[in-house]
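Next come two complexes built around chain A: one with chain B, the other with chain C.
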Partner chain A sequence: MIKLFSLKQQKKDEEGSARAGGSQKKASAAQLRITKDLNELNLPKTCSTEFPDPDDLLNFKLIICPDEGFYRGGRFVFSFKVGPNYPHEPPKVKCETAVYHPNIDLEGNVCLNILREDWKPVLTVNSIVYGLQYLFLEPNPEDPLNKEAADELQSNRRLFEQHVQRAMRGGYVGASYFERCLK
Partner chain B sequence: MATTETHVPEQQRRWHNIRKLLERSGPFCHPDFEPSPDILDFLMESCKILVVGAGGLGCELLKDLALMGFKKNHIVDMDTIELSNLNRQFLFRKSDIGSSKAKCAVDFVNKRVPGCEAVAHHCAIQDLDEGFYRQFHIIVCGLDSIVARRWLNGMLMNLLQYNDDRSLDQSSVIPLVDGGTEGFKGNARVILPGLSACIECTLDLYPPQKTFPLCTIANTPRLPEHCIEYVKVIQWPKENPWGSSTPLDGDDPQHVGWVFEKAQERAMKHGITSVTYRLTQGVLKNIIPAVASTNAAIAATCATEVFKLASSCCTNMNNYMVLNMADGVYTYTFNAERKPDCVACSNTTRVLDVEPGAILMDIYEKLKEDTGFLMKNPGITTVINGRNKTLYMPSIKSIEERTRDNLKKKITDLGLYNGGEILVADITTPNTISIKLKFIENTDVEMSR
Partner chain C sequence: MQQAMKVTVKSWTGVATWRWIANDDNCGICRMPFDSCCPDCKLPGDDCPLVWGACSHCFHIHCIVKWLHSQPQQQCPMCRQDWKFNNK
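Let's turn to the complex of A and B:
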């Protein structure tokens, strides 16, 4: 236990005499943690990152180019926004590329458990990267965000595959138009 | 003599009970406690307390502290008074709606408690600087936000001064007493920055925000909350009813009304009932129902801890108390332990000797080769004038390419200076560590190289 009362007395005497101030502002806990996360980012060869401003580690893009599965040959861009409450709250992740996918809707919302209800502070940016990569290898029709795509994957895998291809080449699937996103 | 009774100065009678605590010793006193009338004098005339938040807890705290004798209280809150505050934030009246919480609270208490000289700050805690926070002896907070707590915690850690042998300069410690409530549950804790567990050490104790799986709210909503979340997360950004640059504001009745209407439509479609305006507001603003008696109990606990800290008349709680009045009344106090590798309070600042004319490459090499560091892939950043700056980060290709040129630059040209700190992340350390640069004067001129 510290001798606070005696310290108070001291402080009282010191009052008025400005202490040597102007010390360097420290980085926030969120900033320290994301720096650590990023420095240890161990990207699979299908993924890369892009930082529009290298001084801003809180906003960046992740690019996934799957080399197998339905989405082989595509190039998908995700935006990451890391808030001041990281890692208590997960980063906000959106898919910027229009994709015909059971777990990604046309607004770019991504249904990945660790991005919402199952996020834990021990998880890192790397966990999210692997989670997103997994979505492309194993689309999960059980938890759909694009219900049409999910139903199709379950009922007619062949047709689903054709539609994924068409969307990636650029074209309409149903009433929705998809920009070309092949590498 | 019967007449003396009425002549006892009002002042003396007023503090009669407090004096009993401060001018007598007892078995629960702090070991260093020396009973003396000076203590009351200190509490009243010199001890400066900052109350953070003038809401449910803040009103109670300011009143409690003023009645205990603390005169020099400051209170900070950025909010204004709303009708729904009045049931428990008892320093406010209906005519105060729309005014600053901090100012109204101070006006009320200064008028009601003779001698009280409280000062209001109607602004965000982030708007006040180090010099402001440094003037206080003790800070007590009643906040509803984890971000704000973490910020304040970071600020107090920032104020700590360490001696050259890395021991803590105890005169730089400003104790933080933190209270929080949620319905019938609450907690109070005492944090001695740099000495006991801090907010960041125990971050896992905060319950995670209630979220629902996106696919559930999109396809199989079962609860009225699912419908409201759907409108908030999916429908708002899609339809942008107030233009694409207007984010959803839970305080704007028009926005809430729009969400309420859409959520009701959606609920109807899925056979869900009981989407109400109040629930909509609750989901959007993450409102936790506040109970006046919980606030009163937690604030009283916090104020008592402030009194103990300021007077040493009693040892403090050690150091985290939980209160649960949901089912009977239950309290438990435990010793929250420090995290040895806490990003906020473990003083990991190390010192690196560099020549004033060094280039960034010299530092990078030193971090990898110096036996004190032996790092693998150090990523180096710093903070200059409050802005983060990435100096060199080898592991991220796009950043590496754009910061590579920095390696050849003189560190002074990059904005670093003697005593300045760099932040280094590497797999060899559990956290990003800060390293203080110490410029060494090269006295013997050895320019032959």
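Let's turn to the complex of A and C:
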């Protein structure tokens, strides 16, 4: 027992000196956790990740290429910013590709429950990937960020589908211009 | 005539192992093993204990308290039932 306590003291002393020296760099809680998330990441075949800075695991991109549904054939890039409070706060996720979608506005804000009110720290990057993939398979007009797209999906599915296609090929839907994003 | 060998113990060192008995290996919040400590602590054991909720879910105490403090409603992050500490 005495040994244990002296070990503790020794450890404390080491920390003290390390801090004084300022040489030792320790991974933050968020870094530790995101490393685990990424190691256990099990991406569906429609998704891939990109790390612009391989040493920075807190900022990365997710690319989704849906293989079915309204958005089949498109290529959509999302940026993930993992804050120092992760996993107590969700990552900030933005859609960098302009898309005509009821739950994604033209600034790239994404309306997905687990990115806001329903986030829990037991969720992982994988949960968000599946949530985002689901948005492309089942756009949800009940909770819209792009109200025009949501109303159209509810009132005229065929017209909505045409507009999604037009936006993905590159062109105007209403007054908004969409950059081509077909693969 | 047989002679018994005599052994004199001059000194000895006791060694023990311990582990938490939980229904999972890792804390669902920080994902560190329960037998390790939460990311804010240095050494596992009594300084970084586990706590159980009435719902039977288990976390590092520092992880769950930090989560509960950030929430308007105190719910288990695993099952969303109201969080009550299980004082077993």
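What we mean here is this: the second predicted complex is superposed on the first by the 159 of 183 C-alpha atoms of A that agree within 3 Å, B and C clash if a C-alpha of one lies under 4 Å from a C-alpha of the other, contacts with A are read in each partner's own complex, and residues count from 1 in each chain.
Going forward, a residue touches a chain if its C-beta (ideal position, glycine included) is under 8 Å from a C-beta of that chain, and two chains touch if they have at least 3 such contacts.
In this text the structure is predicted, and so the values were computed from the model without any measurement.
Q: In the superposed arrangement, does A:E50 touch chain B (first), chain C (second), both or neither?
A: Touch status of A:E50: first partner only.
Q: One more residue to check, A:N109. First (chain B), second (chain C), both or neither?
A: It touches chain B, and chain C stays clear.
Q: Using the superposition on chain A described above, determine whether A:H88 touches chain B (first), chain C (second), both, or neither.
A: both
Q: State whether A:P121 touches chain B only (first), chain C only (second), both chains, or neither.
A: Both chain B and chain C are touched by A:P121.
Q: Give one of first, second, both or neither to describe whether A:R33 is in contact with chain B, with chain C, with both, or with none.
A: Once the two structures are laid over each other on A, A:R33 reaches both partners.
Q: I'd like to check the shared interface: which positions of chain A are touched by both chain B and chain C across the two complexes?
A: Comparing the two interfaces on chain A, one with chain B and one with chain C, the shared residues are 8, 11, 15, 28-29, 32-33, 36, 88-89, 120-121.
Q: Write out the stretch or stretches of chain C touching chain A in their complex.
A: 28-32, 38-40, 42-43, 63, 66-67, 70, 77-78, 80
Q: Which of the residues in chain A end up touching chain B in this complex?
A: By the definition above, chain A touches chain B via 1-12, 15, 18-19, 21, 23-33, 35-36, 38-41, 48-51, 54-57, 84-85, 88-89, 103, 105, 107, 109-111, 113, 115-117, 119-121, 143-145, 147.
Q: How about chain B: which of its residues touch chain A in the complex?
A: Those residues of chain B that touch chain A are 30-33, 39, 42, 46-47, 130-131, 134-135, 137, 146-147, 150-151, 154, 157-158, 170-171, 173, 175, 192, 195, 200, 203-204, 206, 208-209, 211-216, 218-219, 233-234, 237-238, 309-312, 315-316, 343-344, 377-379, 381, 383, 385-390, 393, 395-399, 402-403, 420-421, 423, 425-427, 431-432, 434.
Q: Spell out the part of chain A that touches chain C in their complex, as residue ranges.
A: Residues of chain A touching chain C: 8, 11, 15, 28-29, 32-33, 36-37, 87-89, 120-122.
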